[in-house]
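What follows is a pair of complexes built around chain A, which joins chain B in one and chain C in the other.
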Partner chain A sequence: MAKYLLRALALIYLLFLLVIPVGLIAWRTFGDGLGPVVEALTSDEALHAIKLTLTIAAWAVVGNTIFGVGTAVLLVRHDFPGKRLLNALIDLPLAVSPVIAGLALILVYGKFAPVGGWLEQRGIQVIFSIPGMVLATIFVSLPLVVRAVAPVLEELGVEQEQAAQTLGATGWQTFRRITIPGIRWALAYGVVLCMARALGEYGALAVVSGRIVGETQTLTLFVEDRFQNFDQPAAFAAATLLALIAIVTLLLTKLLRPKGND
Partner chain B sequence: MAIEVRDVNKSFGTTPVLRDVSVDIASGSLTALLGPSGGGKSTLLRIIAGLEQPDTGTVVISGVDATRLAPQRRNVGFVFQHYAAFKHLSVFRNVAFGLEVRKRPRAEVRRRVRELLELVHLEQMADRYPAQLSGGQRQRMALARALAVEPQVLLLDEPFGALDAQVRKELRTWLRRLHDEVHVTTVFVTHDQEEAMDVADEIVVLANGEVVQVGSPDEIYDNPANPFVMSFLGPVTRLGEYLVRPHDIDASVTPQPGATAAVVTRIVRLGFEVRIEMRIDDREVWAQLTRGTADSLGIAPGDTVYLRPSPHAKLLATAA
Partner chain C sequence: MATTQTSTGTGVAAPAPVDAAPDAPPARRGRRRPAVGTGLGLGTAVLYLSLIVLLPLAVVVWRGGKDGPGYFWQAVRTPDSWAALKLTLVASLVVALINLVMGTVIAWVLVRDRFPGIAVVDTLIDLPFALPTIVAGLVLLALYGATSPLHVNLAYTQIGVVVALLFVTLPFVVRTVQPVLLELDRDMEQAAYSLGASQWVTFRRIILPNLAPAMLSGAGLAFTRSIAEYGATVLISGNLPFKTQVASVNIVGRIESDNIAGAAAVSTALLLIAFAVLILLDVIQRWAARRG
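Let's turn to the complex of A and B:
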């Protein structure tokens, strides 16, 4: 009896928090057929927001993949003073609110901050521009690749790498031919997670982007902007698009996860 | 000399693992580094391969000082206890690895890998993955992989340690035969004295980070340098103030000059061999006799026998 009660409770919880809200978005989106959806998503502003979101996510994924694999190798394969500090710092973005991350970036890279001013003189605008948005997105998705890769690297051990070395492989050959294939599933998992996080980021971007329509407006900012301006069809259409992307990435992670240990 | 190790010291933290170790390994020989676990033998092997750095001392391989040379430039083959198979590559690609990173022509790689797979009897397994092989097959693959780059020296770290007894014995014989065919200078680490005596031409006994004795299996068995080596290499028992091999004890039912009286406590028949357990005062002693000798004595538990070392027995004064 208790079992059924718990089951019902869990289902009701999910129903009211997840299924009904997301379902209603889809319902509202497609309520008037596909025409308005296509129209809403092909407006100049919407197309720009989609393109910008993908561009920023791509850069964040590239940055965090390189940083993530490098840091995981550093943490797992090397001993150095400050290792524990580095290990703790990596998780900081998970604990800090993205809004704070955005503000912190403005303090460093803003027009009137030393670093930001120096860059500004050389014609590089960071805040209220794409570089700042990429930085903010990298910040919030920083731990994902490291944390996906590090445990698998640990489990992989050093013997295969040492075997490769004794067979004459250089450091790079060993990395490319032995280490990367050994962590490929974990890496793919981390990349997908990072991608999902980057596509859905709102808070940090709201602060650093300046929300300039048609310039620094990403898909999440677009949804909020349309909603505030009573353009509900566009808001719902974009929201559904984001939800669809999220579901696809979720499915991808499910596909990738069980293979993590082969 | 294929390998000359001179005055090598190595500590992990504050624990010394190797102390002033010097070893010469002759070209074309098959040498065992034998010793109890924690004796430093694996560390010595890894230092030869370049996988560890000695704190002091030098390693010379084929006349070249290799002490500071990276592992990939030493031209040694290394076989790990747990195979270190490249799990994402087929058997063929595993064996081809060393040749591929050297950018050898494709046709040459294919020919060489085929040869090696034949040598280790894995030609049928070329397209399988390591996960589909048994432990013994994986280790043979690892051997072929190490041999593929034609190393000057082949190093094996407890190569049969992870295998069950039956496969172990087979691979032992097989390694011996392989060495006779390929003639590459080979050093393997083992804690199993029987394995060392069965396979090696030369045994280096290492204990507590020091070389205790070097010699052929017969020399070390017959003339152990100290009680430790004697008891590590084979069974020993204590007769008076001496250590002696149980098969080097003569027993008689009548008093003999120089013989010690002992009371039989138990007789164990192990097929051809008979084990006689006795007491001298309060100390246990045992002798290993052939069935014929034991039967001709006609003894039973409670009887008194007179023991003395046989004429050619090796005796070592006990440390105490």
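Let's turn to the complex of A and C:
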């Protein structure tokens, strides 16, 4: 009896919090067929938002992947003073509101801040422009690749790497032929997580981008802008597109999740 | 952690290559071979982290506190910010408590129950982490907004804010309790039953004490996520000062009205609360590890 009560309680909670709301948005989006959806997503503004979102996410993923793999190797394979501190600081972005991340970047890279002013004189505008949006996206997704790769690297051990080096492989060869293949699934998992977070970031970008329509408007900002301007079909279409990306991400992470984590 | 943060703030103010240099010699002393490589890699990693995360965050805290504690307190006590902070804390506390119960129930059902489609339910739990927060807000507004098919209009209400926060924090308690429940030794439970304990007594005396640390750390994470949330609450809250405006929305308002010092003060307050909770969680985990 208690068993069925608990089951019903859990399922009803999930139904009303998660399943019906997400289903409803899909239903409303496709309620009038595919035509209006395609139309809403191929307007100049929408296309620009999609392109910008992909560009920013690509930069952030490249940056955080290089940083993530490098830092994971440092943390797992090397000893240095301050290692525990570095390890703790990497998780900092997860504890910080995206809004504060945006404010933090403005305070350093804004036009009236020392660093931002210096860059401005050299013709590089960071805030209210793409570089600042890339920085904000990197900020919020920074720990994801490190945290996916480090435990697998730890488990992999050093024996194969040492064997390769004994046989005369250079550091780079060992890394490319032994280390990378060993961590490839964890790396893919981290990259997928990072990509999803980068495509879906809203708060930090809302602060840093200045929300200039057709210029610094990403897909998430487009959703908010369309909704606030009572253009629900476009808002719903873009939201459904983002939700589809999220579901694909979910299935990919399910496939890629390192074994033993379950 | 709050103190570590300020201390790194000052360390970071120096250019990172200088940071990397003193690191190199001890690495060489430590018999580890590629000292130059380590130093170079470490320098690059620290520089990247510093330029994007540490230096900017340090500047927020510095800007929030630079005019002294009196000014900081005054900026935080501005009526609209104070109301926003209070709402954020109360709503996050409610969200943490609901998650504590419902997250444990869901984890329990996922581990102990069997029914068709349970694997799908298990996958769905992570959806709130994958879904962009603004989409989460929009999705909830579709069901609980002015055009609600259920005729439940939570738009521009504090309950709406709580529902939005419940959505984005759903996975925390489920995903911390689930593995502990899976590993839990069932012999103890069976012993309790065979000695005549009821289901409820067994749960309260045998299972709950084992789950408590995981439940608390999950709820703590849900709390820190809630006080930081922006995207999910911005649409459903309607951003009404003194009524539905949460702290992160208040911060954005201050940034947009060019009150950067005020924004930095409220941000610093939020950061301090988040770090206090994280330290508390760390203490709970250590305590649980010592007991276990």
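Convention: the second predicted complex is superposed on the first by the 257 of 262 C-alpha atoms of A that agree within 3 Å, B and C clash if a C-alpha of one lies under 4 Å from a C-alpha of the other, contacts with A are read in each partner's own complex, and residues count from 1 in each chain.
Rule of thumb we're sticking to: contacts are C-beta pairs under 8 Å (C-beta built on N, C-alpha and C of every residue); 3 or more make two chains touch, one makes a residue touch a chain.
Quantities reported herein were computed from a predicted structural model and do not represent experimental measurements.
Trainee: Since both structures carry chain A, what do chain B and chain C do when superposed there: clash or fit?
Mentor: Here chain B and chain C can both sit on chain A without a clash.
Trainee: May I ask you to decide whether A:179 touches chain B, chain C, both, or neither, giving the answer as first, second, both or neither?
Mentor: neither
Trainee: Is A:216 contacted by the first partner chain B, the second partner chain C, both or neither?
Mentor: Once the two structures are laid over each other on A, A:216 reaches no partner at all.
Trainee: Which partner chains sit in contact with A:85 here, chain B, chain C, both or neither? Use first/second/both/neither.
Mentor: In the superposition, A:85 touches chain C alone.
Trainee: Mind computing the angle chain B to chain A to chain C from the CA centres, in steps of 10 degrees?
Mentor: Spelled out: centre of chain A as vertex, angle of 90 degrees.
Trainee: With both complexes superposed on chain A, which partner does A:73 reach: first (chain B), second (chain C), both or neither?
Mentor: The second partner, chain C, only.
Trainee: Decide which partner touches more residues of chain A, taking chain B and chain C as the two options.
Mentor: If we count touched residues of chain A for both partners, the winner is C.
Trainee: Which partner does A:166 contact after superposing on A: first (chain B), second (chain C), both, neither?
Mentor: Once the two structures are laid over each other on A, A:166 reaches chain B alone.
Trainee: For the superposed model, what is the least distance in angstrom between any CA atom of chain B and any CA atom of chain C?
Mentor: 7
Trainee: Along chain A, where are the residues that touch chain B in the complex?
Mentor: Within the complex, chain A contacts chain B at residues 159-160, 162-170, 173, 177-178, 181-182, 184.
Trainee: Touching chain A in the complex: which residues of chain C?
Mentor: The touching residues are 1, 4-5, 8, 23, 26-27, 30, 32, 34, 37-38, 41-42, 44-46, 48-49, 52-57, 59-60, 63, 102, 105-106, 108-110, 112-113, 115, 121, 123-128, 130-135, 138-140, 142-144, 149, 163, 166-167, 170, 199, 224, 227-231, 234-235, 248, 251-252, 255, 260, 263-264, 267, 270-271, 274-275, 278.
Trainee: For chain A, which residues count as touching chain C in their complex?
Mentor: Touch residues, chain A against chain C: 2-3, 6-7, 9-11, 13-14, 16-22, 24-25, 28, 63, 67, 70-71, 73-74, 78-82, 85-86, 88-90, 92-93, 95-109, 113, 135, 138-139, 142, 171, 196, 199-203, 206-207, 220, 223-224, 227, 235-236, 239, 242-243, 246-247, 249-251, 253-254.
Trainee: Where on chain B is chain A touching in the complex?
Mentor: Those residues of chain B that touch chain A are 49-51, 70-78, 80, 82, 84-89, 97-98, 101-102, 142, 145-146, 148-149.
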